[in-house]
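In what follows, chain A forms one complex with chain B and a second complex with chain C.
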Partner chain A sequence: MFEYCSDPDTLSTLNWFSCYLTNGAHFRFYQSFLTVFALLAVTAPISLAFGFAAAAASRSHVAPFRWVGKGYTAMVRGVPDIVFFLFFVLVLDQGIEYLRHIVTCPDWDEPIRQGANFLVCDAARTPQSTSPQWVHEVYNFALAVFTYAIVFGAFCGNVLFGAMRAVPRAQLETAEAYGMTRRQTFWRILVPQMWIYALPGLSNIWMILIKATPLLFLLGIEDVVYWARELGGSRTSAYQYPHPDWRFWYFLGLLVFYLSFTRVSEIVLARLTRKLSHGQATMAGEDMRKAAA
Partner chain B sequence: MKKLILTAALVGLTAGAAFAEAHGNVVRMGTEGAYPPYNFINDDGEIDGFERVLGDELCARAELTCEWVLNDWDSIIPNLTSGNYDTIIAGMNFNAERDEVIDFTQAYIPPSDSLFVGLSDDVELDGAVIAAQTNTIQASYIASETGATLIEFATPDETVAAVRNGEADAVFADGDYLLPIVAEDADLMVILDPVQVGGGVAMGLREGDELIAVFDEAITSMKEDGTLNALLLEWFGEETPTW
Partner chain C sequence: MICGEALQSYGLRALGFGERLLPRGEITLCDQVVLIGSGMIWNVYFAVLALLFGFAFAVLLAVAKNTPSRLTRKPAEWFIFVFRGSPLFIQFFMAYEAFVMLPRVGVEFELFGIMIEAETRWFARAWLGALIVLFLNTSAYTAEIFYGALRAVPKGDLEAADAYGLSGWKKFRRITFPTMLRLAWPAYTNEAIFLFHATALVFFASFPAFQQKGDALYYASYFADRTFNPFIPYPIVAVYFVIFTLVIIGLFGAMNRRLNRHLPSEQRPRLRLRPTLIR
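And now, the complex of A and B:
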């Protein structure tokens, strides 16, 4: 990056580090932080949508909807995250290939499962082996996002279900007294008021989601943990920047990153709570009303 | 508008796939990227090493378009058979157990010694704790042929770190990997006797893949004109066995 970096052996410590920390491998490390942010940015709204659907289904008067909603939240909440991550990515990947296989290669007569192998015809491979590398990466990332959304959607569903029940019954009865239909009561009275009850639980889930992002590493995605381990490993002079085992420092760096990130999140969420409490029939809202009066 | 963007993105995706399909001969080369000097990620963040140079040359000779893919070592064979890439070119020794699952080209590195490296030379193999990388021929050798206790690690670097911090008495791995590390660390030394566990390093492909013959031919041509020997000497030093 800097001109003086052409011969690292001759550099002073400070210059050496300025070159070392800006080499191509480190840029890929810095980019992997964007992968983490991208995961969060995509997963959070999808999880919330899954959760909202699950909570609404759990409240439904139609029994099958209720079973699906409750079954989904109960099942995902009861299984360890890591099992779900390893299981679902595999199931999605093989499921997609299996369905495509049935459609594209109807006259295939070999078994798909051969020992440890899962073999479908070439045309059904997803993504196609001829696809460029970025398609493979996007596909893997999309599988990961979907799995995160399923897991965290269930947690959100549980929180939102609780929040919907926390909205004072009197509010809903008043709506009914005004002649609103169930649908109108739900969208106009219940949903706008439930967020303040959901926020503490949702902010907790957001924190857990942030801390779950290193699980990407388990799914074979080159995330921050992958690069920290890769760059921190000891390097001989076959490399331009030889160094002993520095994994301690790299993982310490990740620790600081996650700690700062969760701290910033806490501050933002605290502000959001204040804002949403305004004018609500909750204790915090009541206190704000009195303070203003 | 949103729909338009989505459609555009989808068209982009399928157009990319169609383009690649029209080419048809993109060969995806799977490697570990953590085993210098065989294959590693260099300071520019790119895959480098003996196998990178060799693989690019083989693809050039066979007139194939090749693309490099990183994959963790412990899942490198399952991901080949399930089609995530088309070849394994990752310092993998040919042996009977692997040959049941995948097919190999002819070897491009002759069988070479695996070494024990430790902090002191008063280690008895029987009863010693030996570090090796998971799913390597070295790990299965320690587990089945010796009375030593095996501890396995996911990456080669962690096996050496285990010796440095005293968790293991010695690490057992390819000499070509260990010797450059020993040369630069005054605490580490080669101990016990070298063992030849592998049948030579070859490319792994799915069973019955037509590409095996293509790569075999390219490897033969590199052996015949001496370029393979020159590469071996360049990356593994003057004393390495050649063809």
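And now, the complex of A and C:
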């Protein structure tokens, strides 16, 4: 990055670090932080949508919808999520390949499971072995996002279902008295009011989602943990920047990153709670009304 | 006997007894169920010990956080913030790297008349190192729960204690602590379940499995890798976890009933279990 970096052996400590921390590998390390943010930015809305659908389905008057909604939210209960993470990615991967296999190679007569092997025809391999590296990376990332969304969608579903039940009965009865249909009551009365009840639970899930991002590493994605291990490992003098085992310091950096991230989230969520309490039929909302009057 | 052969060779494999080589080639369902079950020994070991030690430390932390003196309050607040605010996964990695950096020395000391040779090398092993991390982690989470309950102890109870002339340690032991525990118990049950589920991370987060002595998930992923079929080993792990979760719920439910036995039956708080979340 800097001009004096051409020969690192001759540098003083400070300059050495300025070169070391700006070399190519480190930029990929910094980019992997963007992967974390990208995962959060994509996963959070999708899981919220999943959760909303699950909560709405759990309230449905049509029994099969209700079963699906309740079954989905109950699915995560009692099973560690890491099992889901490891399981789902494999299942999705194999499921996609299997479906494509049926479509693309109808006249394949060998069984797909041959003992310990999972064999599909070459045309069904996802992504294609000829496709460039970035396609593989994007595909893996998409699988990870989908897995996160399924798991966290179930949590959100549970919270939103509770929030929908927490909206005061009187509000809904008033809506009915005004002659609103079930659909109208749901969209105009229930949904706008439920967020304040859902927020404590949702902010909890957000914190947990942040703290679950290092699990990306287990899904084989080159995330912050991967790079921290990679860069921190000791380097012999054959490398341009030899150093002993620094993984501890890299992980310390990650720890500080996550601590500040959760702290900032806490502050932002506290503000959001204040904002959402405005005009609500709750103690906080009432206090705000009185303070303003 | 069902699975007799597998039970004999792999029943205690996670502790290093029995067959040295893990099953390969033709892997039967018996092998999978037994080996994963033997891995569960580690999960239970971590959960039980971390919860036992964590409980005691958490009470200390909660009381410290509740003191007006900054000298005791601040360290407790920071401890809780650090361990609750960062991913357990990163804590495992960091602790492992820190333990590996320890100088290698051995100490001999006498405990209850038995000579014990302790080595710092032990810290880098899962049985001690991971246990310490889980212990610190659960202490922080539990302390926050206990702190919340401590703040929620009814004013009237404390005033009544004062009126009876109780103070200091006696007041804490007979009034504050039992009420705190009673109020915290439903949330603490959830914490126990979370912690139990978190034990699945141990062998994935850096602590190496020596001689392939690992936990349930370690063996499950071994089978999934070997058979390319995740549909058998992972559901087996899931079933084991569900069973043990039910055991936890049963035990903690019994304790909950005992803690609340003096209350009229409608007022007794019921255990409300939330779905499991990662930390």
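The rule is simple: the second predicted complex is superposed on the first by the 291 of 293 C-alpha atoms of A that agree within 3 Å, B and C clash if a C-alpha of one lies under 4 Å from a C-alpha of the other, contacts with A are read in each partner's own complex, and residues count from 1 in each chain.
The working rule: a contact is a pair of C-beta atoms (placed from the backbone, for glycine too) under 8 Å apart; a residue touches a chain by one contact, two chains touch by 3 or more.
As the structure is a computational prediction, the values presented were derived from the model and not from experiment.
May I ask you to decide whether A:A154 touches chain B, chain C, both, or neither, giving the answer as first, second, both or neither?
second
Looking at A:R59, would you say it contacts chain B, chain C, both, or neither? Reply first, second, both or neither.
After superposing on A, A:R59 lies clear of both chain B and chain C.
In the superposed arrangement, which partner chain does A:R165 touch: chain B (first), chain C (second), both, or neither?
neither
Quick one: is A:R289 in contact with chain B, with chain C, with both, or with neither? Answer first, second, both or neither.
Neither partner.
Taking the superposition on A as described, I'd like to know which of chain B and chain C A:H136 touches: first, second, both or neither.
In the superposed model, A:H136 contacts chain B only, not chain C.
Answer with first, second, both or neither: which of chain B and chain C does A:V83 touch in the superposed model?
Only chain C; A:V83 stays clear of chain B.
Taking the superposition on A as described, I'd like to know which of chain B and chain C A:F248 touches: first, second, both or neither.
So A:F248 only meets chain C here.
Could you figure out whether chain B or chain C reaches more residues of chain A?
Larger number of chain A residues touched: C.
For A:I208, is the partner it touches chain B (first), chain C (second), both, or none of the two (neither)?
second
Residue overlap on chain A between the chain B contact set and the chain C contact set?
116-118, 229, 245, 247
Under the touch definition given earlier, write down the residues of chain C that touch chain A in their complex.
Contact set of chain C toward chain A: 27, 81-82, 85-91, 93-94, 97-98, 100-101, 197-198, 200-201, 204, 217, 220-221, 224, 226-231, 234-235, 237-238, 241-242, 245-246, 273-279.
Which residues of chain A touch chain B in their complex?
The contact residues of chain A facing chain B are 23-28, 116-119, 122, 125, 127-133, 135-136, 220, 222, 229-230, 233-234, 236-242, 245, 247.
For chain A, which residues are in contact with chain C within the complex?
73-74, 76-83, 86-87, 90-91, 94, 113, 116-118, 154-155, 158, 204-205, 208, 210-215, 217-218, 225, 228-229, 232, 245, 247-248, 251-252, 254-255, 258-259, 262-263
Mind pulling up the chain B residues that touch chain A in the complex?
Contacts found on chain B: 13, 16-17, 20-21, 23-24, 26, 28, 33-34, 36-37, 40-46, 67, 69-72, 75, 78, 81-86, 101, 155, 157-158, 160-161, 164, 180-181, 183-184.
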